[in-house]
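Look for chain A in each of the two complexes below; its partner is chain B in the first and chain C in the second.
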Partner chain A sequence: MLKFLARRLGALILTAFAMTVVVFALTNIEASLRKLAVSEVSSRATPEEVERWMERSGFTRPIPVRYAEWLGVAPAYVTESDGRLYGRCVRQGMTLADVPRYCGVLQGDFGYSKVLRDEVSAVIGRSLALTGKLMFWVMLLMVPAALIVGVLSGMREGSKLDRTLSTFSIATTATPEYVSGVVLIAVFASTAVGLRWFSGTATGAMEDATFENFFLPVLTIALYGVGYIARMTRASMTEVMTAQYIRTARLKGVSFPNIVMKHALRNALIAPFTVIMLQFPWLLNGVVIVETLFNYKGFGWTLVQAAGNNDIDLLLACSVVAVVVVLVTQLISDVGYVFLNPRIRVS
Partner chain B sequence: MEPLTWTGVLGPVVVPLMAALAVALGIAVVAQVVLSFVPGARGRTEYRDGTLALVRGPVDWAALAVRFLILALVAVVLLVIVAGIVLPDVADKGILGAMAARLWPVWLALVVMFAVSIRYQRRLGLYGRLFSSTVGMVGLALVMFWVFTAVFAPLIATHDPLSAVSGMKNVVPGTPLTREGYPYYLLGGDNLARDVFSRVVLGAAEVLKIAPFATLFAFMVGIVLGLPAGYFGGWLDTVLSFLANLVLAFPVILLFYLLVTPEIVETGIPRMMAAVLFLFPILFLVVLWNSRYRFEPARNRQRIGITLVVGLWLYAGIAWDRDPLGLVSMPANVLVVFVSVVFVNAPTVFRIVRGLTLDIRTRDYVQAAQTRGEGPWYVMLWEILPNARGPLIVDFCLRIGYTTILLGTLGFFGLGVSPESPDWGSTINEGRRLLSIYPHAAVVPAAALMSLVLGLNLLADGLREESLRD
Partner chain C sequence: MKGQSVAEVDEPILVIENLSISFFTRARKIPAVMDFSVTVRPGEAVGLVGESGCGKSTVALGVMRDLGTTGRIVGGRVLFKGRDLAAMSDAELRQVRGREIAMIYQEPMASLNPAMKIGRQLMEVPMIHDGVSAAEARERAREVVADVKLPDPDRILDAYPHQLSGGQQQRIVIAMALMARPSLLILDEPTTALDVTVEAAVVDLVRGLREKYGTSMLFISHNLGLVMDVCDRLCVMYSGEAVETGAIADVFDRMRHPYTQALFRSIPLPGADKTSRPLVAIPGNFPLPHERPRGCNFGPRCGYFAEGRCDGADVPMGAVPGDDRHFTRCLRSGEIDWARPPAPPVVAPRLPPGDVVLRMEDLRKYYEVAGGMFGGGLAKVVKANETLSFEAREGETLAIVGESGCGKSTLAKVLMGLETATAGKILLYNEDIQDTPIARRNTDTVSSVQMVFQNPFDTLNPSMTVGRQILRALEVFGEGGSEEARQARMLELLDLVKLPRAFAERMPRQLSGGQKQRVGIARAFAGGARIVVADEPVSALDVSVQAAVTELLMDIQRTNRTTLLFISHDLSIVRYLSDRVMVMYLGHVVEIGTTDQVFSPPYHPYTEALLSAVPIADTRVTKQRIVLEGDIPSAMNPPPGCPFQTRCRWKGRVAGGLCEREVPPVVTLAPGHQIKCHLPADVLAGMEPVIQVAAE
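Moving on, here comes the complex of A and B:
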């Protein structure tokens, strides 16, 4: 088990490393940096001014060196020009002596966001807290709903109830968040036609979330996931219901509700657990869309801002967080699967 | 001129009828589900000689009601379509009728296709068997509806999808037009006073031009890499699996932003990726022929020759935009979108193919082929791949739907083909800004996208059901 964990952790670190290299290389290409320079200096900057800014900020040095600085294994670049300090580690009000020698990710410093004008770690922390709130409610709505739908339709395969619920699950998996979000807003929040039950934006939900301003985003993310998890639960439930021990229980005369609750359910829920864990990367995608659509400034919104404006430090931090979330959930799902299913051995 | 109503002259009849049928259907479905939990709701009668027989109980009556109500609803919809085509005056047709009339080539093509397919059902293999499953037929009908709409789009569209008409900004569906040409904006105007109906119809062509081909390419890449990874295992498998997992660990949207931004496009990275990814289909076919006809040099040379000539010609045109004949080309922005969609999809296909190969590798017929002395590529492409086709076909259908969703996502973030393009994602993105005031501009493409993906999912379900049957 420990060997397995160590191997997975090694793969995690290697993946995160490879991914940051790719993102670093793609965000640090010359043209993007020039654009950044123009937006930092002034929109009418001459080529010489841009060149000077690039030189001063240390963007003219080779990429591997800059990546090592970002990682925190090479001493960070600092320079003084016109009485001001320039460099990765420099913050407002520092003198040359204050500037730390290393300031990379390994030292816990994710840099400074040029677009949101704040420490990246602060921005990420804030947005992750907001997304965490959103995800908590999504999970609370999605997981029970999906399991109930899946178990109900899987316990009697081919019944009317199964047909009805399966149609529902297929319909929800066919509806991406940006479609269901648009339709839900049009129906429940439009001022022209529709019901005006809910609010069409979730900006207010960042401070205090109410049913009125938070239900639509939560529902939008949950709907897309419900169908998929429900279908997996159904498949696993139908498989369990044809097993020998269920037939034995039936022949013994155990009542149907008892069979479902006591004999089938426990075994049928192993597969959905894995699926729910593996849903996290997908949910991340949904979070980005929904947060943009409802203007909720969580992690997804931050990711879009960072990517849209080529905010290098913020984008790198976002991708590190994303890849860690994805790989850790994969790890949990593998380990959990082993714990739940004693027939599987890790070797 | 008066604005069009939704149902035209049929309105007084059809609207209450539809509402009543829909309400009744809802009640019947709920009743059916609830009653199925009640013990003894299935009728049962005991004859005097002690035998039991099932008779219609409440559940069965509810099921019967559901079936007939659905049929009645379909009949009403058909009535609207037929009336729309038959009625001579546009003002009488109503919006639905007028749309039905504009879509006449689609109805014709659908009727012909279904008639022919059902007539020759027994000779058509898996495709023919699809017509014995309702789910599969509904899915196929939805998908083919959009395919035919895309094919006949220039005939169907009422206006130019890009030109604005003054005074038609954000107008509601059915607003009359004072200019020459078609007299109404059937589904209203968008934020830039363009016709929503025409944009959705032409958007179908945009979406269906990219999604199936991108999926096909992703399958080629996934198959060419997945087969050896599963078959040989070892370091090849380790390396390829690591790369696939790496791509899968990227948040899709971040990947899109990284690949589609203009600065990255300028560096030529997407074109390099296209150059690599588009080689795979040629590679696939060449290996396919060579492994089969190795001992018939004449035939082998002929097949490989044709593949190379046609393949490299298309390759030069699509990937490098340097077609010597000047016939084939792909605009740079489409190419970027195409490549990123293939790139995102290929690792998942790779994992599926690899898993199937690992499973099939141990079968007896594979060992028989190995004992016969067949080469590894022959075993992979002519023994393993045909036996993995069932799950792969099903996944192909699902994946086209997923690709459509991805394309929509790209458009939603403004990274799509071009800002002007009528593809559904971009249209939804434009429409969402005024969503709470003028919902129609975003809701119409949203519904279109949903119905296409739903059709693909149902089709996949039908195929799965039918292919499991044997």
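Moving on, here comes the complex of A and C:
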């Protein structure tokens, strides 16, 4: 087991490394750096001013060197000009003596977000906590709902109940969040219909989430995922229900509810389990639309900000977080598999 | 419960009266069982025999009223202890299922819930039906597990199904059926998926339990020999109908239906070989449910068919005068001379074997299995083949016999080049091929060593016509210079395997199992194969088709002088068609010799047990009953010394525990007859024959 975990951890680090190399190279394309310079200096900056800014910020040096600095394996670049210090380790109020020699990821420093004017680690921590909160409630609503719908429709394939629930699942999966979100707001949070049950914005939920201000974003995301997981569960359930051991149970005299609960359920959950675990990475990045729609400044919103403004440090941190979340959830799903399915031994 | 059934001893447990079951699909109604009647009395075991698709399993599921959403009982009654099962509510039915009628299934692995511990699956039965506590249910489960002769019940109860062997799983399924002491047990091909010696042990167990509990049984099987071993009465089914019912002795010795007779004539009996009692295949094919003929269903394939009578109206069941409850569905049963032997066949003379074409010298094949992740990564070695030495001559049939895990498939793989040998030599026409994988063999070698596979259903590409598949083989082997030449050769090959030329255009799904196997044979012979490895070529086929396919293989062999390596676990068919026999156990050749040498004493103790395990459908045969204890040891962890010592009943006759220390040397008993055994010569000489045919 330990060996397995160590191997997976190694894979995680390697993937994160490869991912950051790619993101670093893409965010450091010279054209976008110049664009950054223009927005940093002034919109009417002359080419000379841009050039000077680039030089001062250290962007004219080769990419591998800068990547090593970001990683924290090479001493960071610091320069002084016009009595001000420039460089990735420099923070407000520092003198040259205060500036640390290394300030990369390995030292736990993810850098400074130029757009949000804050430490990247603080920004990421805040937005992850917010998205985590959203994710938690979405999962709490989506997973049980999807499993119930899937099991109910899969236990008697072709019945009226199955057809009704299948129609529902297909409809919800086929409706993207930007449609269902808008519809839900129009119906439940606007004067258009008049049912002003919920709030159309989740800004307040960042501080203090209530049913009133948080339910609509949660529902919007959950609805989309419910259909998908329910379809997977249904397929797995219908297959299990035709298995010979279900016939064995039936001919032992086990009642139908007990067949479903005791004999079919655990076997039927093996396939959807992977899909559910795959929802985590999707939730992390896929909630962009919903977070924007409800003005909820979570991870997706932050990622959009970072990408839109070529906020190098923030983007890199986002990609590291994304890789870690994906691989960790997959690790959890592999371990969980072993508990669901006794035939599989971790190896 | 038990006390009552003794009091009502005369009332039958189960009465099926004129039962008809149909399946309803969108296109049509498919009658699966028609006008079927059978009675099971208390303590009686009734066999239900027939080929696949004849409706015997449907009868069983009809009794359990578990026909799915498409099946329905459309006529007749099923009375269980006088109560009509068809009229029961779901709740009443649940009371009967598991408690009064229990079922044992064909595939034990699939019948057990993979994600539930054995103990819980067993405990469920008394907990549902008798409302006992979990502790008491577990206690009862322990008893029953001990009853089905499984060692270490506590460990078994805490195991998951996949941790047990096939034989153990089947014992668990039997234990589960016995948990509530049912009065009727339905066994649906309970041993088909098991090895012969395991099958013999399970059958022995079933018989013992029947004596102990007095349970009535409905025993479904396609194997007449097994039915004779287990049952008092039997019912032969054909195409949805019962064609003959009666006591075992009546039906076996005085059959009164042409189908029953044809069935018996198509199975090889160990008392006879191919010259003295040739197999007679039943001509034609099993009719599909919607293509059944008018009148007698067996009419078109029957040798006694009388036009105008047999194809007139439906044939009713009629009593056979003089016998007790012996019925047949044949209009002409009184007119046919049942004792007349089948027409003597054109006996082809046995060919003298030619030169040695294949020689194996000390062949070994070891597999390395990586240790589990908890095992610290220690690699284990599986010795799949140990020091195999034998030779095969041109035109000869060498049978390789053994149970699963004995290494016979590994041997075939090494010979084919799918694996390379670890040590030793394979000489094909004096050319070393042991180290050449199939990808590097030249076309000549590949086409001269070919294989016929066990399961014809999986080995044909489902999206390619039959003709195309044979043409592909011809192209690969570089046969024929042009497309036309190959086309002509393909049609010749279809002739060779006795398939109509029109079949070239058909897709595999349009063919029956026997026809598919013929295509497989045609493909194997496409490149003029010199050596054909036939891996259980008929075991997946129905009895009546087996004979025809076997006959075909022999015919082709005779004309082409092909060397046939016939891998099988069925000793009856081995005796019937092979010239020499090689018996394998855990990777070792334990006995090799001519067919007569191997099938008569002195035997290797394992051969003796194998012979005893074969069910024989002949009332004149008496055989010694030797039941092997336990399972075949794992090849990962073979026992020290002689591989067979853990199950050998002769071990005590070897002095000084030699069997546990040393692998026995190869002893030559007679020219060409070798065994690997420590037994002294006088003990071997004193062995009795296992199978004896009473003089008529």
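Going forward, the second predicted complex is superposed on the first by the 332 of 347 C-alpha atoms of A that agree within 3 Å, B and C clash if a C-alpha of one lies under 4 Å from a C-alpha of the other, contacts with A are read in each partner's own complex, and residues count from 1 in each chain.
The rule we apply is simple: a residue touches a chain if its C-beta (ideal position, glycine included) is under 8 Å from a C-beta of that chain, and two chains touch if they have at least 3 such contacts.
The model shown is predicted, which means the values in this text are computed figures rather than measured ones.
When the shared chain is aligned, no partner comes close enough to touch A:L184: not chain B, not chain C.
Contact with chain B, but none with chain C, is seen for A:I289 once the two complexes are overlaid on the shared chain. Applying the stated contact rule after C-alpha superposition, one finds that A:V115 touches neither chain B nor chain C. Contact with chain B, but none with chain C, is seen for A:T175 once the two complexes are overlaid on the shared chain. By the touch criterion defined above, A:L316 reaches neither chain B nor chain C.
In the superposition on chain A, contact of A:S255 is made with chain C only, not with chain B. When the two complexes are superposed, the chain touching more residues of chain A, out of chain B and chain C, is B. The touching residues of chain A, when paired with chain B in their complex, are 11, 14-15, 18-19, 23, 26-27, 29, 31-32, 35, 159-161, 164, 170-171, 173-176, 178-179, 182-183, 185-186, 189-194, 200, 281, 284-285, 288-289, 292-293, 303-304, 307-308, 310, 315, 318-319, 322-323, 326-327. Across the complex, chain B meets chain A through its residues 29, 32-33, 36-37, 59, 63, 242, 245-246, 248-254, 257-258, 261, 263-264, 266-267, 269, 401, 405, 408-409, 412-413, 425, 428, 431-432, 435-439, 442-443, 446-447, 449-450, 453-454, 456-458, 461. Contact residues of chain C toward chain A in the complex are 64, 66, 69, 94-99, 102-103, 105, 107, 110-116, 124-125, 128-129, 160, 162, 173, 176, 372-374.
Note for the complex: chain A touches chain C at residues 1, 3-4, 158, 243-245, 247-255, 262-263, 266-267, 340-343, 345-347.
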